[in-house]
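In the two complexes below, chain A is the common chain; its partner is chain B in one and chain C in the other.
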Partner chain A sequence: MIAKELKRGIITENSIFVLALGLCPTLAVSTSVKNGLGMGLATTFVLICSNIIISIVKNWIPGKVRIPCYIVIIATFVSILHLLIKVYTPTLDSQLGIFIPLIAVNCIILGRAEAFAAKNNPATSLVDGAVMGLGFTAALLILSTIREFLGGNKIFDLMVIPGFQPMAVFILAPGGFFVIACVMGLINYFRGKKGAKAKV
Partner chain B sequence: MSVNFISIIQISIAAVLIQNFVLARFLGLCPFLGVSKKLSSAIGMGLAVVFVMTVSTIFTWWIDTAILAAMNLEYLRTIMFILVIASLVQLIEMVMQKFTPALYESLGIYLPLMATNCAILGVAIINTDINQFTGVPFTFVESVVNGAASGAGFTLALILMAGLRERLESSNIPKSLEGMPITFITAGLMALAFLGFSGLSFFPK
Partner chain C sequence: MTDTIKLILALTLISLIAGFAIGKANYRTKDRIAAKQQAARQGAIDAVFPEGFKIKEMNDDGGILPQKYWIAFSDDKLSGYAFEMAGSGYAGDIRFMVGVGLDGKILGLTVLEHHETPGLGSRVNEVASTKYIWFPFGGDDKTKPWFTEQFEGISTLRPIGVEKSAGEWHRLSEQARAGLRDRNAVSAITGSTITTAAFTRAIERSVSKYLEELGGYCCPATRKKREAEAGAAAGENGEETEGGDDS
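Now for the complex of A and B:
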């Protein structure tokens, strides 16, 4: 069952490549693997916590004001996380900048709260938050590895190929757009092939 | 309250061209990709963003300086700003429905989307930082100008994108690049062009 859930979160319903949710932080922080990993884990933490709390309190929230209530719950966890990051990893805090408070308006988190946690019990919501968060982290790792390698010839701050001339544009904004377009295009290509085979 | 005009010009140029919200800072990508299919809806969305950004910077700046900073409650910023923006959007919607029904009709569907638009919260948070041009925190006027200019930058990118996407409709695109990927490639080319503006530096210090 866990393997099935993991497949759903990371591959079939991947929040970035398939659902195209949460793109702003994805493109902004995938400049290096370290930042991508930090952002992915931070979002996963908020996603798990908010999913659990929302599925616990869902019956006491009136339907009309549910969105503001969810947003306040999410923003509370984001503030807790921001304080923790500031104290324990100040370099990550300065690298990610305004994108830590902006986790609060990440569409993935509100999307999972509305689509999953509001209808299910805390235990399954926890699993859902964890696999969706891992899918987000995996996508960030893929993008940031490509960008850090092409843009700086480094992965995790380690030199990869000696003598390879890095293209700085991949670290800058346009590179982010190009890399995500290529990865999405490749996914579509292989999915199209698979679909054609299945039809035959 | 003294107004530093040079700093205001610098802020506007930086927010519209050099640090464009969508193409350089990656803020507000969801509406940028979602509402850029038609030129007319792009213009409506852009106007709504400029309006809400300007009004929300006015409120968040006062709340930040008068309440949060005065009482050392800066860690509550995220929660406070989100609540202020969400309720402000609701309020603006109600007021517009009552007094300017024509404008409300034209912006109607885009207004509720504002509450979860990361560009609006983003500009409120940027305004609590240090102003890179003067080296001191943003003053009230500078904050409002930054809000309005950031909204204008967003609108510029959105309208350009909508124009390009209307052309893309009739062009021959490889099958696996249809939809999202080709839009990202277009955005990347636009970002490349906007990167050229980073060479602009008016009024050197």
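Now for the complex of A and C:
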């Protein structure tokens, strides 16, 4: 069951490559593996916490004000997380800067609250938050590895190929789009192939 | 009607709980965050002077000089000043500490706080590593960010150039670096010229003014005299010790 859930979060319902949610922070922080990892884990934390709380309180929230309520809950966790990051890893705070507070408006989190946590019990919501967060983190890791290598000849701040001239465009937003498009295309190509085979 | 009240109640209650939780978290972390920031600032002051300098904090009433600045002694002789500056970068203010020798040349520079784009402007703190992923133990282990290192030796009394075409400092040859120094220029971070210019502009705008005001040593006396001559009271006092660029 866990393997199935993991596959759902990381591959079949991957938030970036399949659902195409949360692309703004993805473009912004997938410039280096360190940033991508930090952002992915931070988002996973918020996703798990908000999913649990929302699935607990869902029955007491009137439908008309559910979105503002969800946003308040999400923003609360983001604020608390921001304080914790400032205490424990100030360097991550200075690297990610504005994108930590902006986790509050990441569509994946509100998306999971609305699509999953509001209809399921706390335990399954926890699992959903965890696997979706891991999927987001995995996607960020893939993108940031490619972008940091092509744009800076580095992976995890370590040099890769001696004498390789990095292409700065991959660190910039356009390069981010190129990489996301290529990876998405590849994934769809292979999934399409598999689907076609299954039909035959 | 009762429906409306229900909506208001639900939202109010959730907001109250949320506010309480954040307040609690803030209360429990604020001392530690302040301590971390204080330590970072102290580290920054130490880092802008060469080793062995004795550093003393000075206070001013916030006229031309910032309210707080630092003077450093080497062998009991006044050898430099440090100022906290703020320049407007691509996203918000960049706060940094700059150490200046008596000749107006920069001794060191450290970034305290910035909100620049990750991967672009945030590279002000990037350390140019020569370690390879295949063999992470070799290569030299630098600790100073290349961007701030290139400011060492730049004169604050002349305009500071920002050169884009030269390439980034950490990839330049010794000759190219010497050329930059001769032209009193720094190399821009690729794709982040605004960030780079935030530093040079803040320094150009304030440091020479401060140095002039300080005269040589013992500034407050010189300052008081000049103020009396001008017969004008010092400008408004800000609360923060921001680089004084608003004075």
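Some observations on this one:
We take it that the second predicted complex is superposed on the first by the 200 of 200 C-alpha atoms of A that agree within 3 Å, B and C clash if a C-alpha of one lies under 4 Å from a C-alpha of the other, contacts with A are read in each partner's own complex, and residues count from 1 in each chain.
FYI, contacts are C-beta pairs under 8 Å (C-beta built on N, C-alpha and C of every residue); 3 or more make two chains touch, one makes a residue touch a chain.
From a predicted model like this one, the values you see are computed outputs, not experimental measurements.
In the superposition on chain A, contact is made by A:C69 with chain C only, not with chain B.
Judged by the touch definition given at the top, the superposed model places A:L96 against chain C, while chain B stays out of reach. Contacts of A:I171 after superposition: chain C is touched, whereas chain B is not reached. Touch criterion met: A:S79 reaches chain B and chain C at once. Contacts of A:L158 after superposition: chain C is touched, whereas chain B is not reached. Contact with chain B, but none with chain C, is seen for A:L186 once the two complexes are overlaid on the shared chain.
Look at A:I2: by the touch rule set out above, it reaches neither chain B nor chain C. Note: residues 28, 68, 72, 75-76, 79, 83, 98, 172 of chain A belong to the chain B contact set and to the chain C contact set alike, using the contact criterion stated above. The touching residues of chain B, when paired with chain A in their complex, are 23-30, 33, 75-79, 82-83, 86-87, 115-118, 121-122, 125-126, 174-178, 180-185, 187-189, 191-192, 194-195. Chain A meets chain B in the complex at residues 20-21, 23-25, 27-28, 67-68, 71-72, 75-76, 78-79, 82-83, 98, 101-102, 104-107, 110, 169, 172-178, 180-182, 184-186, 188-189, 192. Those residues of chain A lying in contact with chain C across their complex are 28-29, 31-32, 35, 57, 60-62, 64-65, 68-69, 72-73, 75-76, 79-80, 83-84, 86-87, 90, 94-99, 147, 151, 154-160, 162, 168, 171-172. Residues of chain C that touch chain A in their complex: 3, 6-7, 10-11, 14-15, 18, 21-22, 25-26, 29, 32-33, 36, 40, 91, 113-120, 122, 125, 127, 129-133, 136, 139, 190-191.
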